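By letter and in written order, the chains are A, B, C and D; residue numbering begins at 1 in each of them.
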Amino acid sequence: MRSHARHTPAFTVEEMTHYLEDVFPEVMAKGTNMVVEAVGYGSCIIRLKFRAGQLRPGGTISGPTMMGLADFSIYVAVLGALGKVPLAVTTNLNINFLKKPEPADMLAECRLFKIGKRLCIGEAMIHSEGHEDPVAHATATYSVPPR
Amino acid sequence: MRSHARHTPAFTVEEMTHYLEDVFPEVMAKGTNMVVEAVGYGSCIIRLKFRAGQLRPGGTISGPTMMGLADFSIYVAVLGALGKVPLAVTTNLNINFLKKPEPADMLAECRLFKIGKRLCIGEAMIHSEGHEDPVAHATATYSVPPR
Amino acid sequence: MRSHARHTPAFTVEEMTHYLEDVFPEVMAKGTNMVVEAVGYGSCIIRLKFRAGQLRPGGTISGPTMMGLADFSIYVAVLGALGKVPLAVTTNLNINFLKKPEPADMLAECRLFKIGKRLCIGEAMIHSEGHEDPVAHATATYSVPPR
Amino acid sequence: MRSHARHTPAFTVEEMTHYLEDVFPEVMAKGTNMVVEAVGYGSCIIRLKFRAGQLRPGGTISGPTMMGLADFSIYVAVLGALGKVPLAVTTNLNINFLKKPEPADMLAECRLFKIGKRLCIGEAMIHSEGHEDPVAHATATYSVPPR
(Lines give C-alpha, C1' and ligand atoms only; values in the text may rest on other atoms or scores of the structure.)
Protein backbone atom coordinates (compact mmCIF):
# COMPACT_ATOMS: atom_id res chain seq x y z
CA MET A 1 0.00 0.00 0.00
CA ARG A 2 1.11 3.51 -0.74
CA SER A 3 2.78 5.27 2.11
CA HIS A 4 2.14 8.97 2.24
CA ALA A 5 4.71 9.41 4.98
CA ARG A 6 6.94 11.58 2.83
CA HIS A 7 4.18 14.15 2.22
CA THR A 8 3.33 16.83 4.72
CA PRO A 9 -0.32 16.99 5.79
CA ALA A 10 -2.01 20.19 4.65
CA PHE A 11 -3.37 20.85 8.16
CA THR A 12 -2.55 20.16 11.78
CA VAL A 13 -5.39 18.75 13.90
CA GLU A 14 -6.00 22.20 15.32
CA GLU A 15 -6.01 23.92 11.93
CA MET A 16 -8.35 21.28 10.49
CA THR A 17 -10.74 21.64 13.41
CA HIS A 18 -10.90 25.42 12.95
CA TYR A 19 -11.36 25.11 9.20
CA LEU A 20 -14.19 22.58 9.59
CA GLU A 21 -15.89 24.77 12.19
CA ASP A 22 -15.83 27.55 9.59
CA VAL A 23 -17.15 25.60 6.60
CA PHE A 24 -19.40 23.03 8.36
CA PRO A 25 -20.67 24.90 11.41
CA GLU A 26 -23.77 22.68 11.56
CA VAL A 27 -21.62 19.54 11.85
CA MET A 28 -18.87 20.93 14.05
CA ALA A 29 -20.74 23.30 16.35
CA LYS A 30 -19.16 23.40 19.78
CA GLY A 31 -20.68 20.87 22.10
CA THR A 32 -21.60 18.54 19.26
CA ASN A 33 -20.23 15.37 18.09
CA MET A 34 -17.45 15.27 15.47
CA VAL A 35 -13.88 15.51 16.75
CA VAL A 36 -10.74 15.42 14.59
CA GLU A 37 -8.37 13.03 16.38
CA ALA A 38 -5.59 12.83 13.78
CA VAL A 39 -4.81 14.19 10.31
CA GLY A 40 -2.24 13.01 7.80
CA TYR A 41 -1.58 13.44 4.11
CA GLY A 42 -4.69 11.67 2.78
CA SER A 43 -5.65 10.12 6.09
CA CYS A 44 -7.42 10.98 9.34
CA ILE A 45 -9.16 9.62 12.41
CA ILE A 46 -12.54 11.16 13.30
CA ARG A 47 -14.41 10.48 16.52
CA LEU A 48 -18.20 10.65 16.61
CA LYS A 49 -19.19 11.26 20.19
CA PHE A 50 -22.02 9.13 21.41
CA ARG A 51 -25.31 10.90 21.99
CA ALA A 52 -28.58 9.26 22.94
CA GLY A 53 -30.41 11.09 20.11
CA GLN A 54 -28.71 8.91 17.49
CA LEU A 55 -30.18 5.77 18.94
CA ARG A 56 -32.52 3.54 17.01
CA PRO A 57 -34.97 1.25 18.82
CA GLY A 58 -32.85 -1.46 20.40
CA GLY A 59 -30.17 0.97 21.53
CA THR A 60 -28.04 0.96 18.40
CA ILE A 61 -26.66 3.88 16.38
CA SER A 62 -28.51 4.46 13.09
CA GLY A 63 -27.20 3.63 9.65
CA PRO A 64 -27.48 7.23 8.43
CA THR A 65 -25.35 8.35 11.38
CA MET A 66 -22.60 5.98 10.22
CA MET A 67 -23.03 7.06 6.58
CA GLY A 68 -22.65 10.68 7.63
CA LEU A 69 -19.52 9.85 9.62
CA ALA A 70 -18.02 7.96 6.67
CA ASP A 71 -18.75 10.76 4.21
CA PHE A 72 -17.43 13.46 6.52
CA SER A 73 -14.29 11.63 7.55
CA ILE A 74 -13.19 10.67 4.03
CA TYR A 75 -13.74 14.31 3.06
CA VAL A 76 -11.41 15.34 5.89
CA ALA A 77 -8.78 12.95 4.49
CA VAL A 78 -9.17 14.70 1.12
CA LEU A 79 -8.62 18.07 2.80
CA GLY A 80 -5.59 16.60 4.58
CA ALA A 81 -4.03 15.87 1.20
CA LEU A 82 -5.23 18.73 -0.99
CA GLY A 83 -5.69 21.60 1.46
CA LYS A 84 -8.66 23.94 1.24
CA VAL A 85 -10.85 22.62 -1.58
CA PRO A 86 -14.28 23.59 -0.29
CA LEU A 87 -16.04 22.61 -3.50
CA ALA A 88 -14.96 18.97 -3.62
CA VAL A 89 -18.18 16.93 -3.78
CA THR A 90 -18.97 13.31 -3.02
CA THR A 91 -19.93 11.50 -6.21
CA ASN A 92 -20.19 7.93 -4.90
CA LEU A 93 -20.36 6.32 -1.49
CA ASN A 94 -20.61 2.60 -0.84
CA ILE A 95 -21.03 1.28 2.69
CA ASN A 96 -21.18 -2.21 4.17
CA PHE A 97 -22.74 -2.53 7.59
CA LEU A 98 -20.90 -5.25 9.49
CA LYS A 99 -22.37 -5.44 12.99
CA LYS A 100 -24.55 -3.41 15.31
CA PRO A 101 -22.63 -0.57 16.94
CA GLU A 102 -22.39 -0.39 20.70
CA PRO A 103 -23.85 2.65 22.49
CA ALA A 104 -20.39 4.26 22.57
CA ASP A 105 -18.20 6.72 20.65
CA MET A 106 -17.35 5.60 17.13
CA LEU A 107 -13.98 6.07 15.46
CA ALA A 108 -13.55 6.33 11.68
CA GLU A 109 -10.04 5.58 10.40
CA CYS A 110 -9.65 6.90 6.85
CA ARG A 111 -7.07 6.79 4.16
CA LEU A 112 -7.12 7.67 0.49
CA PHE A 113 -6.32 5.06 -2.16
CA LYS A 114 -6.02 7.66 -4.89
CA ILE A 115 -5.16 11.36 -4.73
CA GLY A 116 -5.75 12.64 -8.25
CA LYS A 117 -6.21 15.99 -9.90
CA ARG A 118 -9.86 15.26 -10.63
CA LEU A 119 -10.82 12.42 -8.29
CA CYS A 120 -9.89 11.31 -4.80
CA ILE A 121 -10.97 7.85 -3.63
CA GLY A 122 -10.65 6.48 -0.13
CA GLU A 123 -12.04 4.33 2.65
CA ALA A 124 -13.30 4.65 6.21
CA MET A 125 -13.21 1.77 8.64
CA ILE A 126 -15.56 2.44 11.55
CA HIS A 127 -15.56 0.75 14.92
CA SER A 128 -17.06 1.36 18.35
CA GLU A 129 -14.52 2.59 20.86
CA GLY A 130 -13.18 -0.22 22.98
CA HIS A 131 -14.43 -2.92 20.60
CA GLU A 132 -12.18 -4.61 18.12
CA ASP A 133 -14.55 -5.74 15.35
CA PRO A 134 -15.50 -3.05 12.84
CA VAL A 135 -19.14 -1.94 12.59
CA ALA A 136 -19.02 -0.52 9.05
CA HIS A 137 -16.66 -0.04 6.12
CA ALA A 138 -17.20 2.58 3.44
CA THR A 139 -15.47 3.76 0.29
CA ALA A 140 -16.17 7.11 -1.34
CA THR A 141 -15.19 9.15 -4.38
CA TYR A 142 -14.79 12.92 -4.34
CA SER A 143 -14.72 15.04 -7.47
CA VAL A 144 -12.21 17.86 -7.15
CA PRO A 145 -12.94 21.06 -9.07
CA PRO A 146 -10.33 22.36 -11.52
CA ARG A 147 -8.11 24.98 -9.93
CA MET B 1 -38.71 -5.76 -15.33
CA ARG B 2 -40.77 -7.66 -12.85
CA SER B 3 -44.22 -6.33 -12.32
CA HIS B 4 -45.51 -6.77 -8.82
CA ALA B 5 -48.99 -5.67 -9.86
CA ARG B 6 -50.48 -9.04 -9.03
CA HIS B 7 -49.34 -8.88 -5.42
CA THR B 8 -51.21 -6.97 -2.76
CA PRO B 9 -49.15 -4.42 -0.81
CA ALA B 10 -48.78 -5.38 2.84
CA PHE B 11 -49.88 -1.90 3.95
CA THR B 12 -52.00 1.01 2.81
CA VAL B 13 -50.36 4.45 2.96
CA GLU B 14 -52.18 5.17 6.20
CA GLU B 15 -51.26 1.84 7.81
CA MET B 16 -47.63 2.28 6.78
CA THR B 17 -47.51 5.79 8.21
CA HIS B 18 -48.90 4.59 11.55
CA TYR B 19 -46.50 1.65 11.64
CA LEU B 20 -43.48 3.84 10.91
CA GLU B 21 -44.56 6.35 13.56
CA ASP B 22 -44.55 3.43 16.01
CA VAL B 23 -41.19 1.92 15.12
CA PHE B 24 -39.26 5.03 14.00
CA PRO B 25 -40.72 7.80 16.14
CA GLU B 26 -37.52 9.85 15.81
CA VAL B 27 -37.82 9.87 12.00
CA MET B 28 -41.57 10.18 11.69
CA ALA B 29 -42.44 12.46 14.60
CA LYS B 30 -45.38 14.68 13.77
CA GLY B 31 -44.30 17.96 12.30
CA THR B 32 -41.12 16.46 10.86
CA ASN B 33 -40.09 15.55 7.48
CA MET B 34 -40.75 12.07 6.04
CA VAL B 35 -44.12 11.49 4.38
CA VAL B 36 -45.28 8.24 2.81
CA GLU B 37 -46.83 9.24 -0.53
CA ALA B 38 -47.45 5.79 -2.03
CA VAL B 39 -46.88 2.14 -1.11
CA GLY B 40 -46.96 -0.91 -3.35
CA TYR B 41 -45.77 -4.49 -3.17
CA GLY B 42 -42.02 -3.82 -3.03
CA SER B 43 -42.28 -0.17 -4.02
CA CYS B 44 -43.01 3.24 -2.51
CA ILE B 45 -42.69 6.97 -2.89
CA ILE B 46 -41.37 8.92 0.10
CA ARG B 47 -41.31 12.70 0.35
CA LEU B 48 -38.67 14.45 2.41
CA LYS B 49 -40.05 17.85 3.31
CA PHE B 50 -37.62 20.68 2.87
CA ARG B 51 -36.30 22.24 6.05
CA ALA B 52 -33.64 24.92 6.27
CA GLY B 53 -31.69 22.89 8.87
CA GLN B 54 -30.63 20.34 6.23
CA LEU B 55 -28.86 22.99 4.22
CA ARG B 56 -25.14 22.89 3.55
CA PRO B 57 -23.24 26.08 2.75
CA GLY B 58 -24.36 27.13 -0.72
CA GLY B 59 -27.99 26.34 0.01
CA THR B 60 -27.98 22.69 -0.99
CA ILE B 61 -29.28 19.64 0.89
CA SER B 62 -26.53 17.53 2.45
CA GLY B 63 -25.36 14.16 1.20
CA PRO B 64 -26.17 12.41 4.49
CA THR B 65 -29.73 13.73 4.25
CA MET B 66 -30.08 12.02 0.87
CA MET B 67 -28.41 8.85 2.15
CA GLY B 68 -30.87 8.74 5.03
CA LEU B 69 -33.80 9.23 2.65
CA ALA B 70 -32.53 6.44 0.38
CA ASP B 71 -32.02 4.00 3.25
CA PHE B 72 -35.38 4.77 4.82
CA SER B 73 -37.37 4.65 1.60
CA ILE B 74 -35.96 1.35 0.37
CA TYR B 75 -36.72 -0.07 3.81
CA VAL B 76 -40.33 1.08 3.40
CA ALA B 77 -40.45 -0.77 0.06
CA VAL B 78 -39.25 -3.92 1.90
CA LEU B 79 -42.05 -3.49 4.43
CA GLY B 80 -44.50 -3.00 1.57
CA ALA B 81 -43.58 -6.45 0.28
CA LEU B 82 -42.91 -8.44 3.44
CA GLY B 83 -45.11 -6.78 6.05
CA LYS B 84 -43.91 -6.15 9.57
CA VAL B 85 -40.26 -7.29 9.67
CA PRO B 86 -38.83 -4.85 12.20
CA LEU B 87 -35.48 -6.60 12.37
CA ALA B 88 -34.56 -6.34 8.70
CA VAL B 89 -31.20 -4.55 8.59
CA THR B 90 -29.35 -2.71 5.83
CA THR B 91 -26.20 -4.62 4.90
CA ASN B 92 -25.06 -2.53 1.90
CA LEU B 93 -25.93 0.86 0.48
CA ASN B 94 -24.40 2.38 -2.63
CA ILE B 95 -25.28 5.91 -3.69
CA ASN B 96 -24.33 8.04 -6.67
CA PHE B 97 -24.77 11.79 -6.29
CA LEU B 98 -25.86 13.22 -9.62
CA LYS B 99 -26.49 16.93 -9.18
CA LYS B 100 -26.97 19.45 -6.41
CA PRO B 101 -30.49 19.34 -5.00
CA GLU B 102 -32.67 22.40 -5.11
CA PRO B 103 -33.88 23.91 -1.82
CA ALA B 104 -37.18 22.04 -2.20
CA ASP B 105 -38.92 18.84 -1.12
CA MET B 106 -37.25 15.68 -2.38
CA LEU B 107 -39.10 12.60 -3.63
CA ALA B 108 -37.61 9.09 -3.50
CA GLU B 109 -39.19 6.57 -5.85
CA CYS B 110 -38.27 3.04 -4.79
CA ARG B 111 -38.73 -0.43 -6.09
CA LEU B 112 -37.24 -3.77 -5.17
CA PHE B 113 -35.30 -5.81 -7.71
CA LYS B 114 -35.32 -8.90 -5.54
CA ILE B 115 -37.71 -10.00 -2.80
CA GLY B 116 -36.08 -13.06 -1.26
CA LYS B 117 -36.43 -15.04 1.91
CA ARG B 118 -33.05 -13.86 3.18
CA LEU B 119 -32.23 -10.74 1.14
CA CYS B 120 -34.19 -7.90 -0.43
CA ILE B 121 -32.41 -5.60 -2.91
CA GLY B 122 -33.81 -2.42 -4.39
CA GLU B 123 -33.23 1.10 -5.62
CA ALA B 124 -34.25 4.66 -4.85
CA MET B 125 -34.25 7.37 -7.48
CA ILE B 126 -34.33 10.78 -5.80
CA HIS B 127 -35.27 14.08 -7.38
CA SER B 128 -36.17 17.58 -6.23
CA GLU B 129 -39.86 18.28 -6.56
CA GLY B 130 -40.65 20.16 -9.73
CA HIS B 131 -37.30 19.27 -11.33
CA GLU B 132 -36.93 16.49 -13.84
CA ASP B 133 -33.27 15.47 -13.51
CA PRO B 134 -32.52 13.12 -10.62
CA VAL B 135 -30.22 14.32 -7.80
CA ALA B 136 -29.17 10.89 -6.51
CA HIS B 137 -29.62 7.18 -7.17
CA ALA B 138 -29.05 4.52 -4.54
CA THR B 139 -29.25 0.75 -4.28
CA ALA B 140 -29.44 -1.11 -0.98
CA THR B 141 -29.53 -4.64 0.38
CA TYR B 142 -31.56 -5.66 3.43
CA SER B 143 -31.00 -8.87 5.33
CA VAL B 144 -34.27 -10.39 6.48
CA PRO B 145 -34.20 -12.44 9.67
CA PRO B 146 -35.48 -16.02 9.57
CA ARG B 147 -39.10 -16.25 10.67
CA MET C 1 -36.89 10.53 -14.74
CA ARG C 2 -35.05 12.40 -17.38
CA SER C 3 -36.18 11.74 -20.88
CA HIS C 4 -33.47 12.03 -23.48
CA ALA C 5 -35.98 11.70 -26.31
CA ARG C 6 -35.23 15.17 -27.61
CA HIS C 7 -31.53 14.40 -28.13
CA THR C 8 -30.21 12.57 -31.15
CA PRO C 9 -28.11 9.47 -30.43
CA ALA C 10 -24.50 9.91 -31.51
CA PHE C 11 -24.55 6.59 -33.39
CA THR C 12 -26.94 4.27 -35.19
CA VAL C 13 -26.80 0.59 -34.19
CA GLU C 14 -24.74 -0.14 -37.28
CA GLU C 15 -22.30 2.73 -36.69
CA MET C 16 -21.90 1.74 -33.04
CA THR C 17 -21.22 -1.87 -33.97
CA HIS C 18 -18.52 -0.85 -36.44
CA TYR C 19 -16.95 1.56 -33.97
CA LEU C 20 -16.85 -1.05 -31.21
CA GLU C 21 -15.34 -3.61 -33.59
CA ASP C 22 -12.58 -1.07 -34.23
CA VAL C 23 -11.78 -0.13 -30.64
CA PHE C 24 -12.63 -3.39 -28.83
CA PRO C 25 -11.80 -6.07 -31.38
CA GLU C 26 -11.24 -8.62 -28.61
CA VAL C 27 -14.79 -8.12 -27.30
CA MET C 28 -16.59 -7.69 -30.60
CA ALA C 29 -14.74 -10.10 -32.87
CA LYS C 30 -17.07 -11.60 -35.44
CA GLY C 31 -18.57 -14.81 -34.25
CA THR C 32 -18.33 -13.78 -30.63
CA ASN C 33 -20.80 -12.69 -28.16
CA MET C 34 -21.68 -9.01 -27.73
CA VAL C 35 -24.40 -7.61 -30.00
CA VAL C 36 -25.66 -4.03 -30.01
CA GLU C 37 -29.47 -4.32 -30.14
CA ALA C 38 -30.43 -0.66 -29.67
CA VAL C 39 -28.69 2.69 -29.07
CA GLY C 40 -30.17 5.95 -27.84
CA TYR C 41 -28.87 9.19 -26.41
CA GLY C 42 -27.43 7.83 -23.17
CA SER C 43 -29.09 4.43 -23.44
CA CYS C 44 -28.65 1.07 -25.13
CA ILE C 45 -29.56 -2.60 -25.12
CA ILE C 46 -26.71 -5.10 -25.43
CA ARG C 47 -27.17 -8.82 -25.95
CA LEU C 48 -24.61 -11.27 -24.64
CA LYS C 49 -24.97 -14.43 -26.67
CA PHE C 50 -24.96 -17.59 -24.64
CA ARG C 51 -21.87 -19.77 -24.96
CA ALA C 52 -21.13 -22.90 -22.98
CA GLY C 53 -17.67 -21.57 -22.05
CA GLN C 54 -19.15 -18.99 -19.69
CA LEU C 55 -20.77 -21.66 -17.59
CA ARG C 56 -19.88 -22.19 -13.97
CA PRO C 57 -20.43 -25.59 -12.33
CA GLY C 58 -24.19 -25.97 -11.98
CA GLY C 59 -24.85 -24.58 -15.45
CA THR C 60 -25.03 -20.90 -14.58
CA ILE C 61 -23.26 -17.92 -16.17
CA SER C 62 -20.39 -16.55 -14.08
CA GLY C 63 -20.43 -13.33 -12.12
CA PRO C 64 -17.46 -11.86 -14.00
CA THR C 65 -19.30 -12.46 -17.27
CA MET C 66 -22.18 -10.32 -15.97
CA MET C 67 -19.77 -7.69 -14.61
CA GLY C 68 -18.12 -7.48 -18.02
CA LEU C 69 -21.50 -7.13 -19.71
CA ALA C 70 -22.54 -4.37 -17.30
CA ASP C 71 -19.30 -2.43 -17.74
CA PHE C 72 -19.34 -2.73 -21.51
CA SER C 73 -23.00 -1.86 -21.95
CA ILE C 74 -22.94 1.25 -19.75
CA TYR C 75 -19.88 2.36 -21.70
CA VAL C 76 -21.87 1.96 -24.93
CA ALA C 77 -24.58 4.18 -23.43
CA VAL C 78 -21.88 6.81 -22.72
CA LEU C 79 -20.76 6.61 -26.35
CA GLY C 80 -24.39 6.93 -27.42
CA ALA C 81 -24.56 10.28 -25.64
CA LEU C 82 -21.08 11.73 -26.10
CA GLY C 83 -19.90 10.22 -29.39
CA LYS C 84 -16.36 8.95 -29.83
CA VAL C 85 -14.65 9.35 -26.44
CA PRO C 86 -12.29 6.39 -26.52
CA LEU C 87 -10.47 7.44 -23.36
CA ALA C 88 -13.46 7.47 -21.03
CA VAL C 89 -12.59 5.12 -18.17
CA THR C 90 -14.67 3.31 -15.58
CA THR C 91 -13.94 4.69 -12.13
CA ASN C 92 -16.58 2.81 -10.11
CA LEU C 93 -18.83 -0.16 -10.71
CA ASN C 94 -21.30 -1.56 -8.21
CA ILE C 95 -23.26 -4.71 -8.99
CA ASN C 96 -25.97 -6.61 -7.15
CA PHE C 97 -26.49 -10.22 -8.17
CA LEU C 98 -30.20 -11.02 -7.93
CA LYS C 99 -30.73 -14.57 -9.12
CA LYS C 100 -28.90 -17.27 -11.03
CA PRO C 101 -28.98 -16.66 -14.77
CA GLU C 102 -30.50 -19.24 -17.06
CA PRO C 103 -28.31 -20.89 -19.71
CA ALA C 104 -29.60 -18.40 -22.30
CA ASP C 105 -28.71 -15.08 -23.93
CA MET C 106 -28.60 -12.16 -21.51
CA LEU C 107 -29.87 -8.67 -22.28
CA ALA C 108 -28.51 -5.55 -20.57
CA GLU C 109 -30.78 -2.50 -20.70
CA CYS C 110 -28.80 0.64 -19.89
CA ARG C 111 -29.52 4.26 -19.35
CA LEU C 112 -27.49 7.13 -17.98
CA PHE C 113 -28.64 9.06 -14.91
CA LYS C 114 -26.10 11.83 -15.46
CA ILE C 115 -24.37 13.01 -18.63
CA GLY C 116 -21.79 15.51 -17.44
CA LYS C 117 -18.68 17.13 -18.84
CA ARG C 118 -16.44 15.18 -16.47
CA LEU C 119 -18.54 12.24 -15.25
CA CYS C 120 -21.25 10.01 -16.71
CA ILE C 121 -23.21 7.74 -14.35
CA GLY C 122 -25.68 5.08 -15.37
CA GLU C 123 -27.22 1.69 -14.76
CA ALA C 124 -27.59 -1.68 -16.44
CA MET C 125 -30.45 -4.01 -15.67
CA ILE C 126 -29.62 -7.52 -16.85
CA HIS C 127 -32.03 -10.37 -17.43
CA SER C 128 -31.99 -13.74 -19.15
CA GLU C 129 -33.86 -13.71 -22.42
CA GLY C 130 -37.38 -15.00 -22.04
CA HIS C 131 -37.34 -14.58 -18.25
CA GLU C 132 -38.95 -11.64 -16.53
CA ASP C 133 -37.01 -11.37 -13.24
CA PRO C 134 -33.67 -9.57 -13.48
CA VAL C 135 -30.46 -11.49 -12.75
CA ALA C 136 -28.25 -8.50 -11.92
CA HIS C 137 -28.34 -4.73 -11.61
CA ALA C 138 -25.25 -2.55 -11.87
CA THR C 139 -24.39 1.13 -11.70
CA ALA C 140 -21.15 2.58 -13.02
CA THR C 141 -19.30 5.88 -13.24
CA TYR C 142 -17.16 6.88 -16.22
CA SER C 143 -14.63 9.68 -16.11
CA VAL C 144 -14.61 11.63 -19.36
CA PRO C 145 -11.32 13.25 -20.39
CA PRO C 146 -11.26 17.00 -21.07
CA ARG C 147 -11.68 17.79 -24.76
CA MET D 1 -8.87 -4.09 12.87
CA ARG D 2 -9.78 -7.62 13.75
CA SER D 3 -6.90 -10.00 13.90
CA HIS D 4 -7.76 -13.51 12.86
CA ALA D 5 -4.36 -14.76 13.97
CA ARG D 6 -5.84 -17.00 16.64
CA HIS D 7 -7.92 -18.93 14.09
CA THR D 8 -6.50 -21.68 11.96
CA PRO D 9 -6.98 -21.30 8.20
CA ALA D 10 -9.28 -23.96 6.76
CA PHE D 11 -6.76 -24.79 4.01
CA THR D 12 -3.05 -24.69 3.30
CA VAL D 13 -2.00 -23.05 0.02
CA GLU D 14 -1.61 -26.48 -1.53
CA GLU D 15 -4.99 -27.75 -0.33
CA MET D 16 -6.70 -24.55 -1.52
CA THR D 17 -5.09 -24.82 -4.93
CA HIS D 18 -6.27 -28.43 -5.34
CA TYR D 19 -9.76 -27.56 -4.15
CA LEU D 20 -10.05 -24.62 -6.55
CA GLU D 21 -8.78 -26.77 -9.42
CA ASP D 22 -11.63 -29.16 -8.63
CA VAL D 23 -14.48 -26.65 -8.33
CA PHE D 24 -13.31 -23.95 -10.79
CA PRO D 25 -11.41 -25.90 -13.42
CA GLU D 26 -12.07 -23.17 -16.00
CA VAL D 27 -10.37 -20.56 -13.81
CA MET D 28 -7.57 -22.69 -12.43
CA ALA D 29 -6.69 -24.93 -15.36
CA LYS D 30 -3.01 -25.74 -15.40
CA GLY D 31 -1.09 -23.26 -17.46
CA THR D 32 -3.55 -20.48 -16.78
CA ASN D 33 -3.43 -17.51 -14.68
CA MET D 34 -4.67 -17.60 -11.07
CA VAL D 35 -2.17 -18.64 -8.42
CA VAL D 36 -2.85 -18.90 -4.68
CA GLU D 37 0.13 -17.22 -2.99
CA ALA D 38 -1.07 -17.21 0.61
CA VAL D 39 -4.15 -18.27 2.60
CA GLY D 40 -5.19 -17.29 6.11
CA TYR D 41 -8.32 -17.41 8.18
CA GLY D 42 -10.42 -14.94 6.16
CA SER D 43 -7.53 -13.64 4.09
CA CYS D 44 -5.46 -14.53 1.04
CA ILE D 45 -3.13 -13.27 -1.65
CA ILE D 46 -3.93 -14.24 -5.24
CA ARG D 47 -1.65 -13.62 -8.19
CA LEU D 48 -3.09 -13.08 -11.66
CA LYS D 49 -0.37 -13.93 -14.13
CA PHE D 50 0.01 -11.47 -16.93
CA ARG D 51 -1.12 -12.64 -20.35
CA ALA D 52 -1.24 -10.54 -23.50
CA GLY D 53 -4.85 -11.64 -24.15
CA GLN D 54 -6.13 -9.53 -21.25
CA LEU D 55 -4.81 -6.34 -22.80
CA ARG D 56 -7.06 -3.51 -23.81
CA PRO D 57 -5.98 -1.06 -26.52
CA GLY D 58 -3.20 1.00 -24.96
CA GLY D 59 -1.57 -2.02 -23.34
CA THR D 60 -3.53 -2.02 -20.10
CA ILE D 61 -5.35 -4.87 -18.37
CA SER D 62 -9.14 -4.71 -18.74
CA GLY D 63 -11.58 -3.71 -16.03
CA PRO D 64 -13.45 -7.04 -16.20
CA THR D 65 -10.16 -8.87 -15.64
CA MET D 66 -9.68 -6.93 -12.40
CA MET D 67 -13.33 -7.47 -11.39
CA GLY D 68 -12.91 -11.20 -11.93
CA LEU D 69 -9.73 -11.21 -9.84
CA ALA D 70 -11.44 -9.29 -7.03
CA ASP D 71 -14.47 -11.59 -6.99
CA PHE D 72 -12.38 -14.75 -7.09
CA SER D 73 -9.88 -13.67 -4.47
CA ILE D 74 -12.45 -12.52 -1.90
CA TYR D 75 -14.21 -15.85 -2.44
CA VAL D 76 -10.94 -17.63 -1.64
CA ALA D 77 -10.72 -15.61 1.59
CA VAL D 78 -14.25 -16.85 2.45
CA LEU D 79 -13.14 -20.43 1.83
CA GLY D 80 -10.08 -19.79 3.99
CA ALA D 81 -12.37 -18.95 6.90
CA LEU D 82 -15.34 -21.26 6.39
CA GLY D 83 -13.85 -24.26 4.62
CA LYS D 84 -15.64 -25.97 1.75
CA VAL D 85 -18.80 -23.94 1.11
CA PRO D 86 -19.17 -24.42 -2.62
CA LEU D 87 -22.57 -22.74 -2.76
CA ALA D 88 -21.57 -19.37 -1.32
CA VAL D 89 -22.61 -16.76 -3.89
CA THR D 90 -21.56 -13.17 -4.48
CA THR D 91 -24.48 -10.85 -3.80
CA ASN D 92 -22.73 -7.48 -4.15
CA LEU D 93 -19.42 -6.28 -5.53
CA ASN D 94 -18.24 -2.69 -5.57
CA ILE D 95 -14.98 -1.75 -7.27
CA ASN D 96 -13.06 1.51 -7.60
CA PHE D 97 -10.53 1.71 -10.40
CA LEU D 98 -7.58 3.78 -9.21
CA LYS D 99 -4.98 3.82 -11.95
CA LYS D 100 -4.13 1.97 -15.13
CA PRO D 101 -2.44 -1.36 -14.44
CA GLU D 102 1.00 -2.04 -15.80
CA PRO D 103 1.47 -4.94 -18.24
CA ALA D 104 2.61 -7.17 -15.35
CA ASP D 105 1.29 -9.73 -12.88
CA MET D 106 -1.35 -8.37 -10.50
CA LEU D 107 -1.61 -9.26 -6.82
CA ALA D 108 -4.88 -9.13 -4.88
CA GLU D 109 -4.53 -8.92 -1.11
CA CYS D 110 -7.81 -9.84 0.55
CA ARG D 111 -9.19 -9.90 4.03
CA LEU D 112 -12.69 -10.29 5.39
CA PHE D 113 -14.29 -7.58 7.53
CA LYS D 114 -17.11 -9.85 8.64
CA ILE D 115 -17.31 -13.63 8.90
CA GLY D 116 -20.95 -14.35 9.68
CA LYS D 117 -23.25 -17.35 9.56
CA ARG D 118 -25.21 -15.87 6.67
CA LEU D 119 -22.95 -13.18 5.15
CA CYS D 120 -19.23 -12.69 4.66
CA ILE D 121 -17.95 -9.25 3.62
CA GLY D 122 -14.41 -8.40 2.62
CA GLU D 123 -12.05 -6.38 0.48
CA ALA D 124 -9.41 -6.89 -2.18
CA MET D 125 -6.64 -4.38 -2.77
CA ILE D 126 -5.07 -4.97 -6.17
CA HIS D 127 -1.72 -3.72 -7.38
CA SER D 128 0.65 -4.44 -10.24
CA GLU D 129 3.67 -6.41 -9.14
CA GLY D 130 6.64 -4.18 -8.48
CA HIS D 131 4.50 -1.05 -8.28
CA GLU D 132 3.47 0.48 -5.00
CA ASP D 133 0.27 2.37 -5.86
CA PRO D 134 -2.88 0.24 -5.99
CA VAL D 135 -4.74 -0.14 -9.31
CA ALA D 136 -8.13 -1.12 -7.89
CA HIS D 137 -9.93 -1.69 -4.61
CA ALA D 138 -13.05 -3.82 -4.29
CA THR D 139 -15.42 -4.91 -1.57
CA ALA D 140 -17.79 -7.85 -1.92
CA THR D 141 -20.53 -9.65 -0.01
CA TYR D 142 -21.03 -13.41 -0.12
CA SER D 143 -24.22 -15.11 1.00
CA VAL D 144 -23.47 -18.37 2.78
CA PRO D 145 -26.08 -21.14 2.55
CA PRO D 146 -27.50 -22.61 5.76
CA ARG D 147 -25.69 -25.78 6.80
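What we mean here is this: a contact is a pair of C-beta atoms (placed from the backbone, for glycine too) under 8 Å apart; a residue touches a chain by one contact, two chains touch by 3 or more.
Please read these numbers as outputs of a predicted model, since none were measured by experiment.
Between B-D and B-C, more C-beta contact pairs join the chains of B-C. Distance from the centre of chain A peaks at C, each centre being the average of the chain's Cα atoms.
When the contact pairs of A-D are matched by residue number against A-B, B-C or C-D, over half are shared only with B-C.
Centres computed as Cα averages put chain C at a distance of 24 Å from chain D.
Note: centroid distance chain B to chain D, computed from Cα atoms, is 34 Å. If you average the CA atoms of chain B and of chain C, the two centres end up 27 Å from each other.
Chain A has residues 91-92, 94, 96, 121, 141 in contact with two or more other chains. Every residue of chain D that touches chain C in the complex is listed here, in rising order: 23-24, 26, 53, 56-57, 63-64, 67-68, 71-72, 86, 89-97, 100. Interface residues of chain C facing chain B in the complex, by the touch rule stated above, are 1-3, 94, 96, 98-99, 113-114, 121, 123, 125, 132-134, 137, 139, 141. Of all residues in chain D, those touching chain B in their complex are 91-92, 94, 118-119, 121, 141, 143.
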